[in-house]
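Note that the chains take the letters A, B, C and D in the order they are written out, and that residue 1 is the start of every chain.
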Amino acid sequence: MLSFENDYSAGAHPKLLQALCEENLVSQPGYGEDEYCRRAAEKIRAACAAPEAELRFLVGGTQTNQIVIASLLRSYEGVLSAVTGHVNGHEAGAIEYSGHKVLTLPQHEGKIDAKELRDWLETYFSDEAYEHMVRPGMVYLSYPTEYGSLYRRAELEAIAAVCREYHLPLFIDGARLGYGLMSREAELSLPELAALCDVFTIGGTKVGALCGEAVVFPKGNAPEHFTSIIKQHGGLLAKGRLLGLQFDALFTDGLYFAAAKNAIDKAERLKAIFQARGIPFFLASPTNQQFVVMPDELLPRLSEKLRFSVWEKADEGHTVLRFCTSWATTDADLDALEEILGAL
Amino acid sequence: MLSFENDYSAGAHPKLLQALCEENLVSQPGYGEDEYCRRAAEKIRAACAAPEAELRFLVGGTQTNQIVIASLLRSYEGVLSAVTGHVNGHEAGAIEYSGHKVLTLPQHEGKIDAKELRDWLETYFSDEAYEHMVRPGMVYLSYPTEYGSLYRRAELEAIAAVCREYHLPLFIDGARLGYGLMSREAELSLPELAALCDVFTIGGTKVGALCGEAVVFPKGNAPEHFTSIIKQHGGLLAKGRLLGLQFDALFTDGLYFAAAKNAIDKAERLKAIFQARGIPFFLASPTNQQFVVMPDELLPRLSEKLRFSVWEKADEGHTVLRFCTSWATTDADLDALEEILGAL
Amino acid sequence: MLSFENDYSAGAHPKLLQALCEENLVSQPGYGEDEYCRRAAEKIRAACAAPEAELRFLVGGTQTNQIVIASLLRSYEGVLSAVTGHVNGHEAGAIEYSGHKVLTLPQHEGKIDAKELRDWLETYFSDEAYEHMVRPGMVYLSYPTEYGSLYRRAELEAIAAVCREYHLPLFIDGARLGYGLMSREAELSLPELAALCDVFTIGGTKVGALCGEAVVFPKGNAPEHFTSIIKQHGGLLAKGRLLGLQFDALFTDGLYFAAAKNAIDKAERLKAIFQARGIPFFLASPTNQQFVVMPDELLPRLSEKLRFSVWEKADEGHTVLRFCTSWATTDADLDALEEILGAL
Amino acid sequence: MLSFENDYSAGAHPKLLQALCEENLVSQPGYGEDEYCRRAAEKIRAACAAPEAELRFLVGGTQTNQIVIASLLRSYEGVLSAVTGHVNGHEAGAIEYSGHKVLTLPQHEGKIDAKELRDWLETYFSDEAYEHMVRPGMVYLSYPTEYGSLYRRAELEAIAAVCREYHLPLFIDGARLGYGLMSREAELSLPELAALCDVFTIGGTKVGALCGEAVVFPKGNAPEHFTSIIKQHGGLLAKGRLLGLQFDALFTDGLYFAAAKNAIDKAERLKAIFQARGIPFFLASPTNQQFVVMPDELLPRLSEKLRFSVWEKADEGHTVLRFCTSWATTDADLDALEEILGAL
């Protein structure tokens, strides 16, 4: 069935499968020590203009968030996040399972605000009762956010400045990073983003890979014994080649960016299709996730024809739906959508 | 370089890659809800003669052990294991990270003994000081073991009987299960093994897959909300299709067993090659892991020619080396080994 | 210095010290198996009209909350609490340290609302995405709350009804229970409160003891192997007699209630003293914690004369201060307060 | 009933109760910020000849071990201990609950051996497979041990030297420290012991207090935000005065040492009583715990007359019993023991 349900319903970009097939019988060391991981890391360092960056390839997003956060926090510290941050609401308590509290900040279309961050820190860092509270140990944000929105350059620079002032590492969750970088409203390049934070991820799962998230410590600042930490969390893949080969292919000849650009182009067309029918948007997203407000009575017929995500109630009688495009979305998919919406 | 270092240095059996390629653009739900996982589970149920079995597909071995054990134990319980059990020594403390103690039993070529298990339980279950000790909540064993050895039918039945008597779930770690089932000394079929335990795994990573471990609860006894538990541990793969497609292929037309049989056949030839040169074995392994005792002065030249694992010191002047075959080992590999050993 | 800073700045009610002295050399078993714990439990069962109640005596409040919550939740569950609940903000992340998320509900003078609780549960229990979220496993509330407020009978019954409907245990944190029961606005007796919940605590630390919280499972519903859970958390006191003797004394001849009543009487006089001077209250508290709004310029002089707690900013120029009475507050203390305020 | 069951069956030394009574109504800040804790710390620094020492007072032994160990280890590290160490076997998994593995070394009458420690470290620190194993992060030992034995000066110096060489903090669990220091075979003074390790505890619970363990970081090397760590573990006592007053009294006029000396004197007489009757010792203990080997047929009659601890089976027909003296043991107790044994 036609699906705009998410950006991970297809397999992988064919070039990644091709790489897996071509190198299949080459014997390689395990656990990320293979030649492909080395090559992929080299190419990502170049793409980030971060020659000292340390990289690790992990399998999935929640796993990555859990491991990165646990590796940076001391036992008594928590992570600051928007209340809508993925780590706060949609990871089944993976952060808390590793012993840390998610300290929440207000969200504005999924984004945190530098001034609110500073106010929070001023309030609590000056509090002598602080030893009875959870100390903040880092700041988490997603780019794009869970609502498809993007931080403007000035917004992110302001947040990064607060983080530096308070000596809090800034972690950018890039599960959908490609879609953020290729958005028509993007103000930040990959090197600029790498320069602004202490650790970030380059999502593969949602941008063309079967699985895989690259963790980048742009200043060569990976935690000591990071491999043991990954292993301890059950995140160390025996056949690291599966990740290395895919990221090597994604960062060869700009494939990661081209794959992401396709999703953006298709999202722009998708927006136009909804706009043409007067279907309002819940918010203005410049990336591959689009949120529309639909009358409830249309949902049964719509869901007979295609798949989408039900996000939340808009009001009595209306629901927010999420439609995603991806590296795999085709114009034929959008033609079909247009036809279905027209027939409603 | 020629490698007998482990059983996960090649990619995947070509039929698995073929399946991944053929179904690549078919849109599927995420998180294991895809059609391939459903089909794979169906075929494994049939292969286990366990029509009520519940299955989940996870990515890696340590992850699987951590999640299965944490899901079965209550917070104050520990898991009984051979001191050489993978969960005790080679998972970077993943079990303890999830809050549980590994309670160790003596090992005999990697195996635990039913009588020693019973003695342990009799000693501690009758102890009134018990509330200050870690209560045993389950028994873990690997089949084959970390030393390549296999439990005989009577041994495993005796252990299972003790477990039932003490109401302790029995968990069989089958990271290399195929090699155990296809060993020429195997006394247990897959249905028989499934009938003897409460949960077991069918390792894909080491038996022909890029990644993947099938977790089987043969009596339909998966823990409640097991998906949340997996997610909380960072183990829920977005594109479950990657696992479903591979296990579907492995359990189509007996591929899993055929792939494993190749490793056994090659291991038998490997044994003969070493025996012909008078190189002694550390122990008699009937599976794909072979442990030989080699004079230390030969190691430098040997390691120039091929890769193997250094296991442990045998004595002054000798070292135990591990040589693994796998589904991917060829006769050409063994010809090359024969030549290298001959030239030493 | 004169102190209204908290309700734990003095030692213990003299009758408790007397009991400790009188029984000092009597040899008793350790770890709560002593005769005094047995007697104290017996008396508390009677006071609660809960003959089947199971009791344990723990040392401190955060410890008690952590242990009770961890013992009732399954690994993937969280605890619902007011955002101002002690477990959410003032226990240094003790709940998260034990692996569980605190799921927050809005607060109304420190209280949660049955309707908001039901709405929350209806929203999330019907959500199919739920497996990626933290499941609620119990409800926590404090009586009195962190703001000194009390649930009315109807409010608490409504909350308890929702809990029963959703099969969620209700835990009442009674760190200051005595002050709630003896409030002039109290609508619930100890037996009524015991009947409404699944577990509650009777705070000793803040109501006359040197330390100690009684955990009461009114329906005989203590978790299995609760002693091991306590021990595992480091909460099992070797000389349980210290807790048993104190609670035995507190529940002999109504001492617990009399001690609490003193705090209430003194709080009423304290309120009158502030009211007479036109100093407004932040909220109307019927228990031993009183929150007044004070001009910032008075704070330096005030803090030279007495101790109080600075709670939060009220607005530009005003601060909320907390004044506590306790079992130990005397009329002389209040005379001194009156004089100091008069002199400002 | 006459009891030699343990060293915590009586209350507290009367001077401690006297201090609690005398200061009872003095208002003090909570959470260890009181004047008594300050004074006690000052006196202990002097007694340790460690003017820079940082001190904290905790309630119980398991709690203290859990908090000290968790505060010193990084998440992926474990603690090295004798297999008989209290943290390994008798704390209900409190160390594992905090996420860390107890790495076990052989025991010799409860003691670890410097050479075996070094061998263990040489084997594993040189192992490249190490990232899959738990890294040792500190060394734990108890003084006296769980078998009442004492490290000789040279033994402890050798262990400390290995620890320094491998940059592993050395933690000495002094739950019964007084009895070790006052043993007739003691080779180490309190300042010498403090100089040899990185952190140690001075047990109050078993040496005259109602509760309380002093944690001493002799080089002023307490972990950052140690109070938050204590709070997070539920170990921060609101009325820290209870601990401060007791340790202040214990370290006034040498009371701690005098109280311990009584136990040693009584243990020497107890040894003589058993020796005179030809009852053999399981091992030669120079402290307050004595282990005798008793014919099983005598146990029923013995346990009618007095209390002792059943330790373990010695052989068919014999059991190891533990008899403890304490600061509270009197000559009348020993007279009674003598009579009971004579009558057997």
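The rule we apply is simple: contacts are C-beta pairs under 8 Å (C-beta built on N, C-alpha and C of every residue); 3 or more make two chains touch, one makes a residue touch a chain.
Computed from a prediction, not measured in an experiment: that's the story for all the values here.
The greatest centre-to-centre distance from chain C, using averaged C-alpha positions, is reached by B. Taken over every residue number at the interface, the positions common to chain A and chain B amount to over half, indicating a same-residue contact. For the pairs C-D and B-D, the larger set of C-beta contacts lies at C-D.
A straight line joining the Cα centres of chain A and chain D is 50 Å long. Taking each chain's centre as the mean of its C-alpha atoms, chain C lies 33 Å from chain D. Centroids of chain B and chain D (each the mean of its C-alpha atoms) stand 42 Å apart.
Listed for chain C are residues 75-76, 91-93, 97, 99, 131-132, 228, 231-232, 236, each touching two or more other chains.
If you draw each protein chain as a dot and join the dots that touch, every dot ends up joined to every other dot. Residues 75-76, 78, 89-93, 96-97, 99-102, 129, 131-134 of chain D touch chain B in their complex.
If you check the complex, the residues on chain C that touch chain B are 31, 70-71, 74-76, 99, 130-132, 135, 224-225, 227-229, 231-232, 236.
Chain D contributes residues 1-3, 5-6, 8-12, 14, 17, 20-21, 23-30, 59-67, 91-94, 97, 205-206, 210-211, 228, 231-239, 241-242, 307, 328 to its touches with chain C in the complex.
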